[in-house]
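Structures for review follow.
First chain A sits with chain B, and in the next complex the same chain sits with chain C.
Moving on to the complex of A and B:
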């Protein structure tokens, strides 16, 4: 019966129609929260419900950046996540190359082991992680205080401290993102023939020239994809900055959003929505930039 | 000047010896082809000459200078890779000029040299394109351009035509030979295709299992193979090998008997063949259809391949097939019987280990 129906054009049109209708419903369901965020953020009178704004305003955005610490939160987030992404790209580039090119029995076990870091829930590890970082931080603080004295040491620790400092959060975020990036880069370099490097060797390129002129341009799509995943995932992380940061100057965007939500008086949905939109934007922009790298990386590597 | 000498060269992968003491000499300006089945070590040997693989034993001399420990780019050797290995992120001009750019040659000079090379290789219109926008033959020419811009004394080719279709391969064969005549560089060319080897080489080195099976001029390999391996590897379709027994006939000639084919008598008075079991090697083109009265043996025809200009007949039995090449179009059908004769002058004999038995 069914095959017979498939040949009937009017029935097929009906099936197509119901398929598209279902897909549309699902898309609307997924898109509505984003739509709500955008609408509420420019609504002078936003509420918990989806509504068409009666008066359009950019007051919420002005408040974020002028009255509140929005600029600082954005810069902190960009700095921490950007640096972590950069570290991930450099380490994954070098490590992925090494893992792809060396022949060793421990390669497979190693690759699966590092995936564990990714698989284990961060929440489960947070106590030992905090303990380790705290010990390191106390030791570092002791050294810095001995050299620079109390006041300057506190200022320096804001940058290089493991607890309530940029460095600790950057390193932990990078560590969480590194395994997946290593996998991506290792798989990517597997598709890059050695011939390119050997041709460059025959052409008289030094090690550095081979990396800079041949390997990095060839690896760019893979690095883009690995960097994108690292950036988006680290950008969305909330638990680690919550646990590791406490000073107001170090707050990142998700923390700002969280604290705004917790304020005692009535909840200002317009303000929250505007903040949420600011938080969404970089991830979307990063995706837009790196989309073609993704396609190239996951559909078959370098084409000569 | 570039004379290549390999002296007792060896290569190990772990405990496995892949190149087993190879001695090869390639004269200046010669076009040498390394040929052999896959796994014979021909590419490894080429990469050892290039410097991409280390030499574990023996010496590689270039014009008498030991090159074992010289860096690849300091040997004055260029290489064309099987995959071409064109940098996908550079234009054709940048690809060709890359080696000069690395040497900090001024941009204007590079441009001039690249244009001169492009002129020779008919790439002038494509200099600004990326490799991805070129055809297979054009990529091949870019790879050659990248090699010859270095003005190397030696150019190595690693199966350069294997990615091209048949007609382009014939055309590139001629182009490579013309290029070799013009450049006068010493060429070492690796292929598994014996037709490529026969048509292009001044000297062919046949490799088998990491050893030189025989090295000589192409036509000498065809006429005087040292062993059954070379005999069957060179020539297409391959030489027939038939187990025979050699005995001494009453008239003093050698009596060569093969099961099913009967006996033939061969005059070996100039250099008598040893009696006993041996292998008879006879090429398809040295077997003929004979008139019913004469001829050496008759056989059923198993397969007929009519190509127009020539016809291939498979005779004998399926477990011991014999290929016969007949000029022209022969209208025969499988199942027919016919009588065949063997060209006595072109018979080769090998002992049971495959070594050629000397003939006058």
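Moving on to the complex of A and C:
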């Protein structure tokens, strides 16, 4: 820690200058890759290298939505990640409330388990998870085929299938965000005094009424934080869509970007950069909103 | 009315269990059960294609025996270890600490620096990989080559020549913010009076840093190390997008090795054995973490 007000003003100015210099170097390191994506995306002759665009164009962006499947990728991503976030908010809101209010013996073991689940790497879980989903998917496919016949069953599986279907990806993405969200909501409800609920109880409100009229309005800031973190993390995830999706219809943005990049002989950096920027933007906006919760959330888990 | 009181409390207890149930079911189905199931899978010759896909057999500890003599497995452990130490323990930590300490000064541009350093944290994994393919490209026109040319260092094909160092740099870039946020929280808990007193006694800034700041944020540093280690072991996306584990396994992190064994070589049983090792490592660190956290419930 550096002194806030050294006694010698000239010494302090020197220290401030070196602070500016160091922070500038770190900031340039952090910012440079963004310049390339931004500049290449509006450059008619974009290349792999950072350069000032000679002719500005929005052609790359137009192409994403007009010629390529960009619209579908964006809508798929928004649908999958949006639904997963919604599920996380509802489940973590309810579960966090229960964890905060219960006095049962399983409270402490449950909270420990949640923390331990958070450290399990998804990459290590992916193989058994894939097997589990595959088995569930085959079983479900069998049932659907028996009822609806082959053709319609395939259409339905696109939505409710566990492998190469929306439902599987949504549920798994939501589950991976649940531990942190439950933790955020539990600590959040710990700070909400029970008086409010007791007042509602006195008025004869049922559990559902209490949740709707008292707890949801009180819980909104916590739900906002939990939802934002779930969205950012699910939006940025690459492994799960990579393994769980294969049909072009279901492609999400990370897969669209990754596969567009693999078309080696026709690499078009302007197009890729524009696509990367489209994919990046929602995450940065969400992060902007989440910023004020960052310290609480991280330090909440770190207070000894 | 003690009897009514009791039944009311029991009803609430059941309601609380009921609203927690959906979360429990999801975690059981998609985390706990797969984790346990991976131990079983690792004892079979389960595969995605071929004869073993139709009729997987129980092979006992054969996968683990193979693991033990598999040079590529040991390589992936070593690569992961260097990656964790280089990026989480050194890179992110040092730059995060420097940023946190410097940003405690009342600088005019503080919010701008703060935002810029936080920015990489928001970047999706594939985008991070893509951005750095440009930064680290080979040849004299690539950004990194141009920067180092400033210092008289010749251009190189960075991802081919120094692959592991490069992914360490990229991961450092992604994670400075996490370290900075945690350490800022730790620093803000230290009261200004301690520094005031030390200054009275004529302590130099360096002495104040090593004798006051570091010892007082040591618990925060410890927790940061645990958190960042487990999250760094889990990294897959941006490295896969950048190098796919290559060249020649130089960046084949354990997560990428699991993926390649299971979904490129289609050997789910063997991939599971590797995954069980990764799970065991993470759980071990997790237990230390939970004990250090002293959760108040």
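Methods note: the second predicted complex is superposed on the first by the 277 of 304 C-alpha atoms of A that agree within 3 Å, B and C clash if a C-alpha of one lies under 4 Å from a C-alpha of the other, contacts with A are read in each partner's own complex, and residues count from 1 in each chain.
By our rule, contacts are C-beta pairs under 8 Å (C-beta built on N, C-alpha and C of every residue); 3 or more make two chains touch, one makes a residue touch a chain.
These numbers were taken from a predicted model, which means no experiment stands behind them.
*Asks:* Is chain A touched at more residues by chain B or by chain C?
*Replies:* After superposing on chain A, more of chain A is contacted by C.
*Asks:* Return first, second, both or neither, reflecting whether A:156 touches chain B, chain C, both chains, or no partner chain.
*Replies:* neither
*Asks:* Should A:86 be classified as contacting the first partner (chain B), the second (chain C), both, or neither?
*Replies:* neither
*Asks:* Is A:121 touching the first partner chain B, the second partner chain C, both, or neither of them?
*Replies:* second
*Asks:* Looking at A:280, would you say it contacts chain B, chain C, both, or neither? Reply first, second, both or neither.
*Replies:* second
*Asks:* Where does A:204 make contact in the superposed view: on chain B (first), on chain C (second), on both, or on neither?
*Replies:* So A:204 only meets chain B here.
*Asks:* For A:20, using the defined touch cut-off, is the partner it touches chain B, chain C, both, or neither? Pick first, second, both or neither.
*Replies:* A:20: touches chain C, not chain B.
*Asks:* Figure out whether A:195 sits in contact with chain B (first) or chain C (second), or with both, or with neither.
*Replies:* first
*Asks:* What part of chain A is shared between its chain B contacts and its chain C contacts?
*Replies:* 302, 304
*Asks:* Any idea which chain C residues touch chain A in the complex?
*Replies:* Per the touch definition, chain C meets chain A at residues 12-13, 15-17, 19-20, 22-24, 26-27, 29-35, 37-38, 41, 46, 95, 98-99, 101-107, 109, 112-113, 116-128, 130-135, 137, 141-143, 173, 176, 178, 181-182, 184-187, 190, 192, 195, 199, 205, 208-209, 212-213, 219-220, 223-224, 227, 230, 233-238, 240-241, 254-255, 258-259, 262-263, 268, 271-272, 275-276, 278-279, 282-283, 285-287, 289-290, 292-295, 297.
*Asks:* Spell out the residues on chain B that touch chain A in their complex, using ranges where they run on.
*Replies:* 50, 52, 72-73, 77-79, 81-89, 98-99, 102-103, 131-132, 139, 146, 150
*Asks:* For a test of understanding, state which residues of chain A touch chain B in their complex under the given definition.
*Replies:* Residue list for chain A touching chain B: 193, 195-196, 198-205, 209, 213-214, 217-218, 220, 302-304.
*Asks:* Considering the complex alone, what residue numbers of chain A touch chain C?
*Replies:* 1-4, 15-16, 19-20, 22-24, 26-27, 29-34, 36-37, 40, 47-50, 91-92, 94-95, 97-99, 101-102, 104, 107-108, 111-112, 115-132, 171-172, 174-176, 178-179, 182, 207, 232, 235-239, 243, 253-254, 257-258, 261, 269, 272, 276, 279-280, 283-284, 286-287, 291, 294-295, 298-299, 301-302, 304
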